[in-house]
Every structure is written in C-alpha cells, then in structure tokens.
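Questions regarding the structure given below will be posed in turn.
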Amino acid sequence: MTVETRVPIKHEADIVTARQQGRALASQLGFSSVEQTFIATAISEVARNIIVYARSGEIILSTGQGNGSKPGIVIVARDEGPGIPDVALAMQNGYSTANSLGLGLPGAKRMMDEFEIVSEVGKGTTITMKKWKQ
Amino acid sequence: MTVETRVPIKHEADIVTARQQGRALASQLGFSSVEQTFIATAISEVARNIIVYARSGEIILSTGQGNGSKPGIVIVARDEGPGIPDVALAMQNGYSTANSLGLGLPGAKRMMDEFEIVSEVGKGTTITMKKWKQ
Amino acid sequence: MRVPILKQGNYLIASIQDALTDTDLLQLQEELVQRVGAARTRGVMIDVTALDVMDSFASRTLRDLAHVIRLRGAETVIVGIQPEVAFTMVQLGLLLEGVTTALDLEEGLALLDQRTKGDARCDR
Amino acid sequence: MRVPILKQGNYLIASIQDALTDTDLLQLQEELVQRVGAARTRGVMIDVTALDVMDSFASRTLRDLAHVIRLRGAETVIVGIQPEVAFTMVQLGLLLEGVTTALDLEEGLALLDQRTKGDARCDR
C-alpha cells in the first residue's frame, strides 16, 4: 500500500485540513487515539509555521516502514520561505521570533519518533517527521 | 567481607530489583536511611538508562574502601549498547535524547561520592559509582 | 462568527461545534471579551468537547482569553478537554496555567456558581 | 492493574502498595485519567507512602498525571512522600511543579474538600 496525500498550505483553513488528513491516515494505519492526537497536533504546529513564517508550502502525508519493518506515518512539511538561520536555536523550548510560545517545533518533535529539519536561509525549510507503530 | 551481587538488567522489573538490592547492601553497610535512598535512586536512574538506551546489561553491587579506608558501596552499571557520543553533554542537567527529563545521570552523580562514565560508541557504556560512609 | 454564544443568567456559554481556524479562535476571544462587558456577565464557560486538537496556538489563545476575561471581572471555565487532548497538551507543556477547568457543562456550571458567589476568586 | 483505586464520594483514591515498575505507573496514569471522566470525579488522591524511591521517571509521570487530570477538570493531591524520598527528590531537582501535596490521607482529603469547594481551584 502506498498512500501519498499532498495538502497545499496557503490559507489558515489548510492547517485544519492537513491535521485532519493526518489523523485519518494515522487512524487507517491503526495508531491509537492518543497517537492520532499526537500526530494531528504535530502536523498542526508545522502547518501553522508554514503560514506564519513562509506564507505558503505543502504537507505531504505518506506511509513508511521503520526498523524491523514497523509500519508508520511519514509527514513532510515543505516551504520555500525564509528558512531558519539556526535550527538548534529554533528547536529550543520557548524560542520564538514571533512572540508566540515557541513550543511548536520542540513539541512536534516530542510527539514523533523521528524529526529532521533541513533549512537554508533564503531557500526554504523541509521538516520530515515519522512515527512508527509500537 | 567481599560481597558482590550481579543483577541482570533485561526487563523493567529488574530496575526495581537492582535498587532494592542496592538499598539492602547499603543498609547492611550501615548507611543512613537518606543515604540508602540516594543510593537506591542513583541505581534506579542508571538501570533505567540500560533498559531505555541499551536494552540490556547488568548492575554489579559490591563493597569497597575509600581514602582512609572508609567502607562503602561500589556500583557498576554495564551495557553493550550504543554508547554515549558526548559524555559531557549527557551529564548536563536537562539533556536527553529520549525527551525525558535528562536529570538521571547528573542526579545520580549528585547522589554519590564518585561517579565515572566510560563509554564508546558502538561498544557500550560502563558507569562506576561509589559512596563512602561518613 | 462560527461559535454560538448563549447567555444563561449571569453566564455566557460558548459551545465550539467543530474544528476552529486560528481566526475563528481570535474572533471568539474578541466577541466574548466584548460581551462580558455588555451583558454584565460574571462567568464564561467555553465547551471544547468538539476540539480533537489543541495545539500551542489554541492553548495560548484560550489561556489568554481566560486571563483577559478575569481582568474584565468575570470567571472563565474551560470544559470538555478530551483525555487524548489533555495528554497531548501536557506532553507539549501546554498547561493552561491559571485557567479553571471542568469535566463538562454540568460540572462547569456548578463550579461557576461556586466561584461567582462572592468569596470565590482566584487572583492569578 | 497493580494499584487499587477506590471511589469515595466525589474522589478517587489510589493507594500504591508496593514498588511500581514504569509500566505500572503509566497504567495507573491511564486508568485514573479514564476514571476521572467516567466517575465524574472532582478530586484524585494518590498515596505514595509505600514508595521508597521516586526517581526522575516516577516524578515526571506523577507530575504529568496531575496536569492531565487538572485539564480534565479534577484536582490531584499526592500524599505520603516520605522524608528521605522528599530530600532525594529535591537534590535531584524533581520538584513536582504545579502539583499539590499533603502529608497523609487525612490532610489530603481536607485539602481536596477545600479545593473542590470552589474557593480555591486555581493551581498557580
């Protein structure tokens, strides 16, 4: 089974769509309701960041396999926005350039099993998050 | 008197066994009840790390003598897990690769009189902790 | 306005029906703050049973909303945070500090009754 | 389930009898959070008198548990932390931030009575 859903993130309402699609896929894959909520919340955080910092981008949802061929969900959030100059700093609890809580990125990481940011200033940001079934 | 107890650490319940054995030995050696609790708690932290990061290993409890031939307890926690790439970083309060509190290693160190980590990536980790009677 | 707000006695009750966008949430905040003044309200209840996600933006907005309403002289109770949502919020460190919570509308009303009976005010 | 949970009036009382594994603690957390909803509980008391060690995992789990239960609208009181254990926790920096504690069951009940009677429902 290869499922891939692309959710364009251009308007605020797309944040809701992306997390709902993510929850639906997580539910299909058999994640528990707490795990579905973790996944939907992580998507919500990175989708909002696309709107706030990059204005537009996309979220790509797919299935994948972890170590020991555990099935799982793979979420890619991509934008061609300003990029993040210091990723380690951005990952710190409470760090925000927008006077918001600064809990989005570290929180999203905590919700998932794998979390990777590739970002280049002036080029954009790609966040890849994965969660495997236990 | 030479006492040496080996507690294999394979399952979660072994964390409890190890700290109970440690407390029993500390009590035998005449440590105060606060000191016994320090020792049991330090053992609990390093034993859990074996389960979480290395999956299995062992804890070896024995008696020893410090400077001025003070009697005391010697605890060795060994595993052949992934090792710790940056021991100084791992010893920092709040540093965790598992999204937990990151207080285990620095806390265990604070509970004991001597604390040493030898770790090699890919080979494993050995932590030696000692506490002398005052 | 996507969230219906009912007036019941001295209270305003906002029942979120569906997932909200950030703008919806900010509108709810604004409308409630205005109506607290206009309607001589002593208590506000927000039912979030229908929210299946409370991310950092939603938590912050609800927390700020409760604080603003307190400064306007009324109490806020948030009711119906679902168990999974509560777990997630705690993992994220979103604790709704200084905000009163209750299981559901019934408990929330009981709580508001107690807290608006004069001596029952929290300062922070 | 290794920890018996009693219902007494509006409260749930969990009495830890023995050393708990990490899984036991997580199960306790889950069970309490569920039962708070099902039993319309306004207060939860957890008796940890039998715990001779509270390491970073146990402290964190109890703290999170109390926060989740608060978001679900009930108060939690942790009672019976032994002196040596309290001393060790402080040395480790495990402060149970935002969690209410009491000496023993009796004090805990008195505290829950106060805190669920409306006039003292704010944690911070």
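We call the chains A, B, C and D, going by the order they appear; numbering starts again at 1 in every chain.
Going forward, a contact is a pair of C-beta atoms (placed from the backbone, for glycine too) under 8 Å apart; a residue touches a chain by one contact, two chains touch by 3 or more.
Everything numeric in this text was worked out from a predicted model, so none of it was measured.
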Rotation angle superposing subunit C onto its copy subunit D by C-alpha atoms, nearest 5 degrees: 85
Longest centre-to-centre distance from subunit B, chain (CA-based): C
Inter-centroid spacing, subunit C versus subunit A (mean Cα positions, whole Å): 28
Chain centre separation (subunit A, subunit D; CA means) in Å: 34
Distance between chain centroids, defined by C-alpha means - subunit B, subunit C (Å): 47
Centre-to-centre distance between subunit D and subunit C (centres being mean Cα positions), rounded to whole Å: 25
For subunit A, residues contacting two or more additional chains: 110
Residues of subunit D engaged with two or more neighbouring chains: none
Contact pairs between chains, per stated definition: A-C, B-D, C-D
Subunit D - residues contacting subunit C, complex: 33-34, 36-37, 40, 42, 64, 67-68, 70-74, 98, 117-124
Subunit B partner contacts - residues on subunit D that touch it in the complex: 19-23, 52-57, 59-60, 84-85, 87-88, 91-94
For the subunit B and subunit D complex, residues of the former touching the latter: 12-13, 15-16, 19-20, 23, 33-34, 36-38, 40-41, 44-45, 48, 93, 100-101, 103-104, 107, 110-111
Touching residues (chain side subunit C, partner subunit D) in the complex: 79, 81, 83, 85-87, 89-91, 95-98, 100-104, 107-108, 111, 113-115, 117, 119-120, 122-124
